[in-house]
Structures are given as C-alpha cells and as structure tokens.
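Chain IDs A, B, C and D follow the sequence of writing; residue 1 opens each chain.
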C-alpha cells in the first residue's frame, strides 16, 4: 500500500495540469476520461428512459384496458385516451424500449463509457490515438439521442415497427400510420452509427499502436481484449446497418423499392442485412461485459484468471463465429430451409466459446479467497444469469423447437437474461468498480448491496416467468393478450410480472441516488481501493490529465493475485521485482 | 367440440415447464426434442449454478488466507470444451431430420389437401376449394378468420400477404410460419384431434396485431365434406 | 430536419400530439343567414330538392360474416348485410348530392363549429355516406367494445390511420382541401366502408331512406348539381334558382350493366 | 491451443520484452486503413443488396447503355483513374520534398475529382429529365443509391484534398512528415477503386 501511495504522489508531482477553460475541459473535452464520463451520464439517462417505457408497457400487459393511474392524464390524446394506452402508442413503446436500450443505453455504456475510460489507462497510454475524433464521436451520439427522443412528439407518433423495423411495415407509412417517426428513427440511427464507427476505429488504432513498453498482447487485461474485439465488430457491423437503414429511409422518403414487394423489392433482404449487423451486435452487447466481469472476478477471487489464453481464444472465437449465425433469427421467415440447417449448426457451435468462458470464471473462483464487495456480487450474478441466458438459447438454436417458441415470450426471457442479467449486471459491477477511479470516491457499499439484492430478486421474478409464458405460446409484442382464449389463464402471471417489474424499476432508483450522492459524500477512495494490478490503479483517483507522468513499463500480466513472489496478495503489472521471478508453481505441471 | 380454453388448459398450469396440449403430427417430433433439450440444459443449469454456490461458500474470503495461485491447466479446458462441443453437435444432429420434415421444401405430403390463405392487416382470409375439392374453380369460397380442416388428413396452405409480414401460428399444432408479401409460402400440417383451437399472428404487423386471430375448427373426416358443401359456403366473404 | 422536429415538439406539447389544427371560426351550423355576416359569403333562401330513384332491381347486398366478432353479431337479429344499395320502393338512399359549380366566384364559407359525427356501431359505419366542410371537425366515435381502426386514404388530403381499441373512444380529424369522396375503411373488419365528401361550401346533402334530399340557403343562380353513388358513379343536373325559390332536381340510377 | 496456453502462462511471468512494434505504422495511417475497413462493409451492403435484387428480378434492368450513357461515364471513369495517378505523383513529390510539384499534383487531383462530381451531377440531371428517377423501380432505386453515395464520398474526398492542398501551398509538408498527403491519398485510391467496381456492375453488366 505504501508503495502505492508514493507512486500516486509522484504521479501528481509530475503531471502537467490541464489548464484549459471549463468548457474545453468538461464540455468539449478531448480527454478520454471526461468523454467516458460524459458517455456514462448520457447513457444512464437513456437507461432510465428505456426503463420508464418498459413500465408503461408492463402496465398495459398486466392490466390490459385499465386506465393508467395518476400519469394517465399527462399524455396527449394520440398516445393515451381515457387513460388507456392506445395500441399504436404501445407499439411505439415496444419499439423505442428496444431501440433506446440497445443503441443508447447498453451499447454506449459498454463501449462508449468503458472503452473510452479504460483503454488508454489500462494499456499505459496518455490518451486515445485521435482525441478530437473521440470528442466528435460523443457529440454525434448526443444529437442522435435527442433526435430519437423528439420522435415521440411528432404527428403520427414514433416508430412502431419494433426495434428490428421489419420491412414493409417500417417502409410504408400506410401500413403503420407512422411517417415522420420512422424517418426520425432512421436518421438518428445513421448518425449514431457514424458516432460508433468513429469511436471504434479510434479504439482499434489506440490498442494496436499505443500500448506501453512490455504490454504485449498476452499481457492485456481481458477487458481490453474484449473491447478490442468489440470495436472490430462495431467497425464492421455498423456500416452494414447504416447501409440498410439508408435504403429503408429512401423507401419511405424518395419512393425507392428496396424492401417493397409491389415493384420487386424484398422484405427478406432487410432481415438479412439487419441480422447480419444484428447478430454481431448481440455480441457487441455482451463481449465487453464478459471482459470486465473477468477482471472483477479475478480481483474478487484474489486469484489469476483461470485459462487466460483460452479466455482470449474464446473471445476471438465468438468474434469470428458471430458473423455466421445471423440466419437463426430468420428460421421462420420463409428462408430456404437448407440454409436453416446450416445456421442451426453454426449457432449451436457458437455456444461452445461462451461455455468455455463460464467454466473459466468458475475455475477462477475455485480455491480463491473470494471478497464479496459490491462489484464482485454483480459480477458473480452476471455469471449466474448469463448461464441461464446461454442455456435458454439452446432451445432456439434447435430449429424445430424454435418453430414453436420463436417470437414468443421465451425469446423475450432469453434476450433479457443475456442483456439485463448479463450485460446490465456486468455494467453495474463495472460502474461500482471504476467509480472510485472516475470520481475519487467510493459508492456506498451498504446501499450498493441493498440495490444489488433487490435487483437480483425482482429481476428474476420479472424475467424467469416469461419462459413459462412463452412455453404456453404467448406471442411477443401483443398489446392485449386477453384477446386470446388460450392466453387468458396466463393473465395472473402477466400481472405478477408487471408488479415485480414496477418493484424492479423502483429498486433502480436506489442506484441512481447512490450514484449521485456518493459523488459528493462517498468515502475517499485513494489510488487503489480494490488492490488491483491494472495500470490505472497506479494513478491517483481521478487520474490527472495526460494520465501517466512517466510511461509505465509492464513486467507481467494483469492477474497476478496471491503471487508467492510478494507477501501481499496483489502484484501490480508495472512493479519491478529485483530478484528474477521464479516460474509459476501449480497450474500447468 | 372442445373449447379452446379447455384444449390448452388441460396442461396449462402456469409456471410449468411442460408444453401445452398438442394435437398435430408435429407434436411428437418437436415436444420430444424440446424435452431432450430441457433435460440437457436443466442438468447443466443445476450443475453449474450449484457448483457456483458451493465455490462461493467454500472459498469465501477469510482474513489471513491466500488464494491458491494458478493460471489454470489445460486438461479441464480440453474436457469442458470437448464435452460441450459434442453435446451441442449431437443436439444439432438429432434436430435436423425433424426440421427437414416440417419445413423442408419436399416435406409436404403429395396427398395433402390444398387451401389458400391471404393474410392482411388484420385478418386471415382462407380460401376453400368448395365441393369439387379443387382450388381456382368457380365454387371456391373465402372465409374470414376461420380455418376448417379435417382430422388426420394432411393440409397444405399456400399463404401470401397483401401488405406486411404476418406469421401463421397455431400453438396446439406447434406450427409457425412467417407470411412474407411477395412470396407464396407453403405451410403444411396434419391435425390429429377434432376440436376448436386458436390461430394467432406471431409477427408484429401493426397496431391490430394483437387481435389478428382466427379460430381453427378440426372436423371429423365425414362431416368435413358436408361442411364444405353446406354451412361453410353460406358464410362466404363477399368477393 | 432537426429544427423542424423540435418545432413539432413544441407544437405537440402545445396541443396534444399535433391534432385538431383546424381554424374553426365562430359560425353556426346553418348556412345562409349565419354565413351572411361573413365577407363575400353569398347566401340566400333558395332551395334545390329532389328525389333519387333507382330503376330495375338492385343487386343483392352481400351478407357479412360476423361470426368472429361476437360483440357486433349480437347487435343484429338477422345476419347483417353490407348496405351498398339501399333501395326502398324505387328510391335510392346514401347518394351524396352537392353543388358542383355555379357559386359566385371567390365565395368563401366558414366551416361550422359543430363537428360532423361518424359512429362505429355493430361493426358498421353510421352514416356510411356524408359530407363535411373543409376545416370542419370530424368526430369519430367507437360504440363497439372492440378494436376498430379508421384508415383514410385520400387523393388530395393528408391521410390518417388511427385505432380505437375500446368503446367510448373519440378521435377528431379534419380535412384541408375539397375532395369527392374520401374513402374511410377499417383494417380489422374489411367490410367496413364509409365515404366522406369534403367541400369548401355548405351546399351538400345525402339522400335518406326515401331517396330525397334538400340543399337550402342557396343564393340565386345557375348551379350544376352532382349526385354520387359509391357503386353507380355520378350524374349531374343543371338548375337555375331565383330568390326564395325552390327547384327540384331528380336523378335516376340504373344497375351497372 | 496447447502451446498458446503454455506460452501465455509462461508469458505472464516472462521478464519485460520491448514494446511490441504496434502495426509499425503511424496512427493516422493505421486509423485510415481501419476506417476504410468499415467503408468496405458499407459499400458491400449496398452492392450486395444490388446483386441480390438484380439476380431476383433481372427483367427490371435495361440492357447496358439503353438508359445510362456509357461513353460519358467511361470518360469520367478514366478521369478518376487519372486522379489516382496524380495523387501518386503528389505523394512521390512529397516524399522527395519537392514542394512545387506536390502542390501542382494535389491541385490537379482536386480539379479532376471536382470534375468527376460535376459530370455525375450533369448525368443525374439528364437522367431525371428522361424520367429515370429513384422511384421508377429497382433499377432507379439501386442506381441512384449506389452512385449517389459514391459521389458523396468523392465530394468529401475533394473537400479533404483541397484542405491538404491548401496546407501544401503553405509548405506544411516535408520529406520527413507528409502524413496528411499519404492518408488522404489512401482514401482517394479507395474511392477510385470502388468506382471501378460500380462502373463495371452498374453500367457495363
């Protein structure tokens, strides 16, 4: 610890202070740390918004046809009438919940926030390769979000064709009654796509070119590996989406016929393009979570990560296989069945690397000395929930079973176990883990634990029963399930889910309060509160502008916990040991 | 006639992992596969989560104790990679035949009775061949939101859409097929039980999606023809 | 693009989802006297009335299969039919009759404040054929406990497609330019059709059960009167009326060959 | 995998090696290569869709030269290829630190690029007058989308080029540091390459 402290002070002495005016420092800053925090605040707001939309949906599903209590009268007549949510507004809610959560909450939280904040710090670089482009990437994301938000207020309401915007429903306003809203959806996502591309080629360049001496590829933390592979996926997948959306936009505005059958357009072309982007996107939304969870689990278990190399290979495997499985979203689409078989096999195979990762996480905890700090709690439940999400995926991969459960609530359960149980728990873990580095103070552990347990319980009460809804044939995106006789018996379950959902939402407010309050009242963190080996923890919290006073030299991997070479149970990557290190005992013969 | 609720409720205990009552020739293949996957994933689920909990308790942090220092070893990596790969490939192999039978282009039995289906926002229009049993003749007639078929005889529906993508879904028959505008998609099935069931749209098709519902009536073989010639036609939609 | 949207935001907040942006001046429903205080709103007390008769036998109206809409089916004792041809002892109802031309150049008429009403009851539109004035509110009500959607596909006006999932819902729309006729339809019940004539003057009427119509409050002049039927097309007649005069214009339709 | 695993678990303890020479190129160049990767995917999406649609409905495409004016576009293509040559010349002179030629070659590249866009605008105007519009059918839809977005990329290129040219005239590029010229050159050659593909599949086939 003493050693830490001295290092911290040294850093403070030597770093050139950032003496630019406030606006260049905190608003139009080119400092990757500030940009990361900006992304954090923005995407947390959109996360909250996405949650609110879900609550409105859950009210309609839990209590169909019942007027919204209290807030019912606040909505314009085109959305809510006599307090009752209108079907077209419900469809907008479905669409926008998905859109905001995927593109404006989870994706920026993982890639925008931690990509920006962690990459330079963890590889020992002063900043990103292209700081100004980095700033541009954030300041493109903001207007995109504002624009997407504005869509709710235009005539005809917001886009209502689902976050996948299947053509022709999305391509012709006659079918949905939505014209301007859908156009806004397209333009906003084109802008956001540009933002993501600018971000990702920045990350890739930085990681390839700006690693500190000794930070060889196989000494990079798994968080950086995952962000690197994610950046490549974003770089190659996003432009495909942009291309598709541009065609969709032209179909709506200048009367082209890409996806409109009457003049030869092909609805399935949209689905192929969308999912060719969309499946890599699924991994964009989980890989960084895996990477950061790995860092936190190793730290929490005070043990080197188990099978570092196979972890990296698994990430790479997912990154490669991820391009060959998009068809499993289209088993029912009338696509050639022979293709179906191929996609089924590739889809089943991609579960292998995911399984490898799970086993390695458990191997990491095996014979560990597990510290249950709040980030660790979230990281462990990430593993537990991701297992469920992964296993429920096998049902859909087996295409004959998919015939029955496709587009039912089973899918909804599955994707929320991956995106909420997986990504979001990892995000909570990462935020609480790096919060002290970002703001110099720790988030309150007591309230952190309360938030964790409430979230964990209610989350499972919300999403686990959705499997059963799906198994009894409950279709997705139904405004009022009681219209079907065979779904009426399931209505109590729907109501139960809705109530749990409201409680889940309420428990998130604890996190919000904790996040804001700790900023001012949290305990001072010091440079290395978690006794982590990463380079960022050698710096004071928050790190100064320009990060490292002296470029660090890296002597070892990031997971040297409980090493026999030192008496304390962590060994920073950049600490030079006078006596030459002995080969690692145990592990490989 | 069984009413739809009864038909589904028979197994409809909420929170059950059993599939609801099935009544077509696909039920065998699909349910068997489903329960296979359920067993495999169920065992994996319990094993993994249980181990996780055990580890969390057994290796919980205690002061003065240091974790066992290892970077992992290859043998377990090989084992769990191999086992997972074998299991999933096995699942793939046992799935393929059923998939081919239900969706395969040549899966449709030659003796299947042909019906027409036009899906539109937000109705199902079924075209029946009429007494002469041939589509495209004068005595064809069209019904709104009513699918009538005979038990134990294969039926092939040639489906097209007037506007957007809809999805033909009969839970009891375990059959689902998207209906894409600009394509003529063939769906076949063979009900095994007389009764009344529900058909729903499974693909978001606009704000009327939630009540794009049809009633499926499975007749006994002999009164199907009677229905076709009589009561059915009297309801025919105006063309 | 963004600026315009932001305007839209402001606008929407101002008046709920951007509806009802029709300037409705304060004028009574009855044209003529009320309209007279307006500038260049020529009106008088002359009438054109008449009968629309139907010669020959009308084709049978198709029966509607409501068996999958219990709530609507319950409202009928006998199987309902689609009222395309309403012929009663030789008189044709649901014919839209209006002054096609002949009004003084530059005449403008303010839209009445009272909205025109369209009711959806028993899975049919009531009325089926009617007229509204440019800028007049059209109030659409749902009296059925189930989903209806109202889809207007006009040629010259801005179309709309809105839904009313339950009974007691009201939606108001307006049309901004003249159009004969704007078709309204329901996607949930493909048999539901209504036709609305949009005119910039109040001189229109729809024939009733007895096939008669009356257009009152006309100033003196020579007018082309057109009668429109959804299936049988249009017929015109020319009438000249003096002050406080009533002329008749009769029309006679034949079944389509 | 075996060797990998051992290598790493050993590598974890290995004494520090020197910084792995990243990609061996400076950031701007690497960044541009990476960025071009994403551009490739963008045009792949457009061109892929074009191929799929055309294979499905060949009858909707007029025979080559029927609607589109091949000769003019051929000349235009030749121009664009020339601009790649002048770009190479500019880069060469930058490497040798020859200021004057550098400026002139860059200027030439700008002018030719601008001409290309001009000719394309003229072509659009002409086609639209003939009634060949995006809403005409799949032919129009794909033609305007693909060539339009290529034209957009060329225009962006011309803007960047003129900026670089302006810097060149102010003598900002030396024989040792002329990154701007090289990076914009990469982009320019890429745009050129894309056009050669587009010209072939849209005009000639």
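To be clear about the criterion, a residue touches a chain if its C-beta (ideal position, glycine included) is under 8 Å from a C-beta of that chain, and two chains touch if they have at least 3 such contacts.
If you're wondering where the values come from, they're calculated on a predicted model, not measured in any experiment.
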{"item": "Chain closest to the middle [Cα centroid of all protein chains]", "value": "A"}
{"item": "Pair of chains joined by more contacts [C-beta pairs], B-C or A-C", "value": "A-C"}
{"item": "Whole-Å gap between the CA centroids of subunit A and subunit C", "value": "53"}
{"item": "Length of the line joining the C-alpha centres of subunit B and subunit C, rounded to whole Å", "value": "46"}
{"item": "Between subunit D and subunit A, distance of the C-alpha-averaged centres to the nearest whole Å", "value": "33"}
{"item": "Subunit C, residues touching no fewer than two other chains", "value": "147, 163"}
{"item": "Shared interface positions of subunit D, touching two or more other chains", "value": "1, 5-6, 8-9, 12"}
{"item": "Subunit B residues counted as touching two or more neighbouring chains", "value": "71-72, 74, 77, 121, 206-208, 211, 213"}
{"item": "List of subunit D residues in touch with subunit A within their complex", "value": "1, 4-20, 22-23, 25-27, 30-31, 34-35, 37-39, 41-46, 49, 52-53, 56-57, 60, 134-135, 137-138, 140-142, 144-145, 149"}
{"item": "Subunit B residues touching subunit C - in the complex, by the definition given at the top", "value": "120-123, 125, 143-146, 206-208, 211, 213-215, 235-238"}
{"item": "In the complex, subunit B residues that touch subunit A", "value": "3-5, 7-9, 12, 14-20, 26, 29-30, 33-34, 37-38, 40-41, 44-45, 48-49, 51-52, 55-56, 59-62, 65-74, 76-77, 80-81, 84-85, 88-89, 91-92, 95-96, 98-100, 102-105, 121, 163-165, 167, 169, 171, 174-183, 185, 197-198, 200-211, 213"}
{"item": "Residue numbers on subunit A that touch subunit C, as the complex places them", "value": "65, 76-79, 81-82, 84, 86-88, 143, 146-147, 150-151, 153-155, 157, 174, 176-177, 180, 184, 187, 479-480"}
{"item": "In the complex with subunit D, residue positions of subunit A that touch it", "value": "129-130, 197, 200-202, 204-205, 208-219, 235-240, 242-244, 246-247, 250, 254-258, 263-266, 269, 272-273, 304, 307-310, 312-313, 553-557, 559-560, 580-581, 583-584, 587-588"}
